[in-house]
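Heads up, there are several structures right after this.
Below, chain A partners chain B and then partners chain C, in two separate complexes.
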Partner chain A sequence: MLERVTLERRATAPFWLSVATYLGAVLFALGLSLIILTATGVPRDALFQELVMEVFFDRDGLARTLTAATPMILVGLSAALCLRLKFWNIGIEGQLLLGGIFATTVALYDIGGAMRLPVMMLAAAAGGALWIALPLLLRLRLGVSEVIVTLLLSKVAFLLLQHMVFGPFRDPTHNFPSSPVLDAVERLPRLGFGNVHAGLFLALAAAGLCGLMVHRLRFGFAANLTGDNPDAARSLGFPTVRIMVVVILLGGAMAGLAGGVVVAGTEYRLTQQIGLFATFNGIVVAALARNEPLAVPLVAFLLAGLAVASGSLKVFYGVSEGIILTIKGVILLSLVTAQFFTTFRVTLDRTGTTERAA
Partner chain B sequence: MSRAAPVAETRPVPRALESAVAREEGIALHLRGLCKSFGTARVLEDVDFSVRAGEIHALLGENGAGKSTLMNILGGIYAADSGGVEIAGRAVSINAPAQALSLGIGMVHQHFRLAGPFTARENVALAAGALPELRGRGRLEARLSEAMARTGLEVPLDRPVERLSVADRQRIEILKALSLGARILILDEPTAVLTDEEAGRLLALMRKLAEDGHAIVFITHKLREVIAAGDRVSVLRRGRMVLEGRPVAGIDAETLARAMMGEEAVARTDPGPAAPRREPGEVLLSAEALSVAADAGQGGVHAVSLSLSAGEIAGIAGVGGNGQQELAEALVGLRPMSAGRLVLKGRELSSAPVGARRDLGLRYIPSDRARFALALNAPLSHNIAAGEVRTGALGRALLSPGRLRALAARLIAAFDIAGATAGGARPVRLLSGGNAQKAVLARELDDAARLIIAHSPTRGLDVAACRHVHDRLLEAAGRGAAVLIISEDIEEIMALSDTIHVMSRGRLTSPQGPRPDRAAIGRLMLGHA
Partner chain C sequence: MTLAFLTAWAGAVPGYMTPLLLASIGLILCERAGVLNLGIEGIMAGAAMAGAVAALAGLQPARALAAGTGAGLLVSVPFIIAVVVFRAPMIPAGLALVAIGLGASGALGRAAAHKNFAGLGNVGFPEALTGLPLVGRMLFAQDAVVYLALIVAGRASFVLFRTRAGLQLRAVGEDPATADASGVDVQLHQLAACIVGCALIGLAGAYLSVVGSRTWTEGMVAGRGWIALALVVFAQWSPLRAIAGAAVFASADALIPRLQTLGVDVPVYLLSMLPYVLTIGVLVLFAALGWHRQGEPGHLGRAYIRQDR
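== the complex of A and B ==
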């Protein structure tokens, strides 16, 4: 007897089912993570404290989580906007670095006078947009895969960043490769809650505006249609190329803005570390938010909590980076599996007599 | 109301005896009473078919007649619901593609099954993986060179397949099948992708293989080639064999065309709309010597001139793949014209974008609605409101969700779209084909529609849905729109059109007289005019 597993796409997933599967996935992931962590020697009673209380309910921890979430929201939006048009932006890091470089340039050359900070943010967005324009052009004109071009341009951007921090932007007062520290007017104001800065509002506003565009604007409607079926959108007379250009440049701009926010909000200088994990974080956030801009902040917040918790696990309990990655993997796979079960209905056929049984 | 009797007689012969006869007559492959349904759609009904070693048996049928399903059953990709397959007189069951191969059935699919970055040699080796007796490089090489010597085919064996021409790739498919020991070779519309000269060469090769003792099944919808190359011919229409195993020698193109398109159905419903129903109004569309350049696998359009007036329904009949798709896309603005002029409502629009044409009232019902008309994962309401969204009628910058939902609800009711919730929130992919097509109509046949290009608007629809589509198109013409119907379904063309044109090899011809008969249309379709 051959058992057949059939997958059937659900017409619609009932709300309770989504809630139940996601909750189940979170609990499953937490359970598995607890087993892994206790096995590596973290005391069991400290786990809940570190993973949940410290990062979401403790004042300092919450502040750290929100600070970490700020650029994650922006890179998540970048990936989500591009993915909505089936454009795989694997070069978020590069766009972020360009944003950082552009913002730093504005600051160091004291451009913009009293409007310095807004000009920095605009420059950051422009830098990100610029860095995605080339892969976009190659894709639209020559059909070159954006996956390769965006990915490789990240490496180029990193070399450019190194050039800047070792060369023209190097702070002469010490030996570390970084730019001089930004002036007070060039910093995003703190909100009096740990290191949380005005960049958080910027990120939330960006998510809100993207949500507005996608759900309410005529342009967003056209963009959704173009993403779902470009041929149909073209047949209906929508200017699909123009739509693609605008949305993808906007996606690049979000990543660039993230770079500006990191430089002006937390680092206060251009360093080599500002783009770490940006692409990975962006894609994970977008995937878990299912490319829904309004869900991006929440997902970014939870993942930022995980990032902060793993930091203290590393420092205080000597948990290795490998274990941290394993736990991240467990959580992501559980959530993705939950998405799978809400999308498909799985049935086991025990009769084994139909079609393919041989 | 009598169904035309299948032309081939079937005598009741005891099974054992018949099998013995089969061996004697050299019947290589025999299908008996094959049935296959997908869900509620019956795709094959009680199909009998046989092919002898040494003959080319042409299998004719329109798109959707069931040819590909039949082929996939033989290839072990689908399982038949009932019925039997015999090979050389022995009953077999084909449950997997590897089994079909080991039974000596070789397929040359319309879309080649070759791995592009691999060489011909590697592709053959890849396919041979399913056959244990062919493992080992030497044996396979020997088979391959033997097949090449036998057929006289020369192909570059060590270049990646993706760098070869379409004709070369097809030769590799044939060599692959022969190397793997195929005695029964099934070719699915093999000439569709070839130039006339290459097609001629392929037909000669098929003849050679047949003389060599292979059984060749030649699936096509080109009557010309059947008559030129076939020994016997069978015709599949709507899942039934309407003509089985008739010698080609004693048959003419008109009989075949009739069998393929179903004359008895026309005879039932064809009182013919009595002459022009409407006084034609102003000229809305005029195309002068419109040409579209040919590209890979498509023949292009050559100097088509056409004029359409308000209230007129014009039909373009013809076998698919003769330039209809290119013509439709050029009219809509999806494909550039290479020469000629297109005037819409008095405005020269030869190179205007789709949007500008739609603003003048041009609407498009494409033959491939899943690709060119609908976003399957988007809600029904978005799909049917998309036209109005584009014009800004539902809000210039900010859309009004309330008005969008109201429009959707009104159209869902007006077009009787079943399977939709009131607001049309469920995605279109959950609708049946007929209801999805109604959604396209609901969007395209709005009040501002002045010129409607409908390409195979009823393909794949059931009778009730067909009627609905036809009624809507007639209504639109009644409101003063010009309608251009491009269809392979000659019944549809004859039942709806005021004027009839025929497209063949990228050219448009118009039969003489106000009500041309089927024979005249058939001759034009074959390019004999």
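== the complex of A and C ==
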């Protein structure tokens, strides 16, 4: 099949081609999404208003978008850091949930006194790192694929969360399964702009530090090399295993921190919903940001706008939230499919490839 | 535990087992051809919704199952084209398929949610058989798909391990360069495996709504696709061993709600972790013993182009 098409792997893609492929994929996905949205009953002239003006240029909308972007930056960083080392972290949701559970534990048991909030955030990061440590260990020690293990641990974390909110953490004054509400000192301070809270600074600082690490530090250089070509990095004398451990644990910590930020910044309690689609969001953000930590905040901001828009689309036009999930899926699929043109050089071969293969 | 309890429990196992078995056979076919299909949860969600919509529209159960299967295949088409033709990285492409399947089924099925329909009944075996203690309900008070799934498992195993086509399929997943050199069309085999595999996964999803719950609610697949992914590892990529694996997982699934209704105080959510923890344990054990390559296709999850050879 397709005998006349010859593919060759490109060593590097020209800059213009990368840009064209990326933009082409995004525009294709956006075009398709707009068609889907109009087909589901959103009037065409309302699209710009709902998807752009309301969520990025309206005061309340912008505040909601920034609030939604905060955990998305962190899960995006988690995916990007892991992917830079070709580690498929399909368990971001689990790491986030552990972070949320750890932060809630610190809050409910009043650990840390005056330092409560920093301790909560540290515990959240530690929870995320802990939940990625086992798949990392199995991958490094036994060569077990991290894809299945992170995925399974994600489900284990969700069951643990359910156990906590239905059991030990259950708030008896509530009908919904959730932990009791956090005290004032256990909440990330609001910035006086809607529900935007100090977690946004945490997330931006994390993105900045990751960017600094990747672009400016010797360690980051070694990490990039380890991701691109582990054999070369090893033979050059870089401690590839140690690099891998540090970066991946950091990736888990980012996801954990996202859990802590959601609990202490927006929900003020542990609920069943805090990790919904976190893995997928992280992978989409990382794919759109092309694993570049400094691009993660912008991408997360734009995707958060989409999430916020889905709320008003639902209220005003009866568009299900599922549509937004579909649109994100279309964007991701379009992006990874378009990589074809930057990964391979395609030539149409009229003589067939049989001679060449011999 | 009384005999009645055991009989009822055993009788419930096949209903839990069948979707897991069908889905994992579908996955095994894809993975044996080298295609890692993380989109399974989305395929099942789409199929479950479509099956329910078809049944609510008055279609016979068998046709509703077929409609669901077709919908599962339809939603997989972009994924199959992306990974087989365009060699897109399989993991994000699969996750995108999950989002598309979950999202689209949630959006399109809203009108069908929480409505009951007749669904598929049991095969009419005589009372003498279904009334047997312990095994009567398990073996004879079941719907046709339960038996079909077992036949599919046997058939898939036969095709994979006893036919030329199966050998070629496994060669494509194990070492596509060698398969290609010996004249096997790698992409054609991947395409065929994915089409049959995704259709089986679709049937598994449709079973959940058309036969299992006889109603559709958003999110009703509830992680069964992920369990099937684990089951494939557990079964070492063999359809026959998948029967045993699915039986083990389904027994746990069927037991937990029963214990609750008996009033046994068990930490339900902690118990529900067992299949996942067990699978990780098995993975670790196989790896520690140096077995984890057994059955795992050598080129799983990686794209192949002829020039790599």
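Throughout what follows, the second predicted complex is superposed on the first by the 286 of 358 C-alpha atoms of A that agree within 3 Å, B and C clash if a C-alpha of one lies under 4 Å from a C-alpha of the other, contacts with A are read in each partner's own complex, and residues count from 1 in each chain.
The definition used in the following text is that contacts are C-beta pairs under 8 Å (C-beta built on N, C-alpha and C of every residue); 3 or more make two chains touch, one makes a residue touch a chain.
Every value quoted in this text rests on a predicted model; they were computed, and no experiment measured them.
Engineer: If we overlay the two complexes on their shared chain A, which of chain B and chain C does A:322 touch? Say first, second, both or neither.
Structural biologist: A:322 contacts chain C only, not chain B.
Engineer: Quick one: classify A:53 as touching chain B (first), chain C (second), both or neither.
Structural biologist: Neither chain B nor chain C is touched by A:53.
Engineer: Could you tell me if A:162 is touching chain B, chain C, both of them or neither one (first, second, both, neither)?
Structural biologist: second
Engineer: Determine, under the contact definition given at the top, whether A:115 touches first (chain B), second (chain C), both, or neither.
Structural biologist: A:115: touches no partner chain.
Engineer: After the superposition on A, what does A:276 contact: first (chain B), second (chain C), both or neither?
Structural biologist: neither
Engineer: Who does A:241 touch here: chain B (first), chain C (second), both, or neither?
Structural biologist: In the superposition, A:241 touches no partner, neither chain B nor chain C.
Engineer: On chain A, which partner's contacts cover more residues, chain B's or chain C's?
Structural biologist: On the superposition, C touches more of the residues of chain A.
Engineer: Quick one: classify A:35 as touching chain B (first), chain C (second), both or neither.
Structural biologist: Touch status of A:35: no partner.
Engineer: Kindly classify A:221 by the partners it touches after superposition: chain B alone (first), chain C alone (second), both, or neither?
Structural biologist: It touches chain B, and chain C stays clear.
Engineer: Across the two complexes, find the residues of chain A that touch chain B and also touch chain C.
Structural biologist: 357
Engineer: Looking at the complex, which residues from chain B come into contact with chain A?
Structural biologist: 78-79, 95-96, 99, 332-334, 353-359, 364, 366, 371-378, 382, 386-387, 389-390, 392, 394-399, 401, 426, 430
Engineer: Can you tell me which positions in chain C touch chain A when the two form their complex?
Structural biologist: Contacts found on chain C: 36, 38, 42, 78-79, 82, 85-89, 91-93, 95-100, 102-108, 110, 180-181, 185, 187-188, 191, 218, 223, 226, 229-230, 233, 267-270, 272-273, 276-277, 279-280, 283-284, 287-288, 292, 301, 305-309.
Engineer: Taking the complex as given, what residues does chain A use to touch chain B?
Structural biologist: Within the complex, chain A touches chain B at residues 11-12, 216-219, 221-222, 224-225, 228-229, 231-239, 354-358.
Engineer: Can you check the complex and tell me which residues of chain A touch chain C?
Structural biologist: Chain A residues touching chain C: 1-2, 6-9, 40, 88, 90, 134, 138, 142-144, 147-149, 151-153, 155-156, 159-160, 162-163, 166-167, 277, 279-280, 283, 287, 319-330, 332-333, 335-337, 339-340, 343-344, 353, 357.
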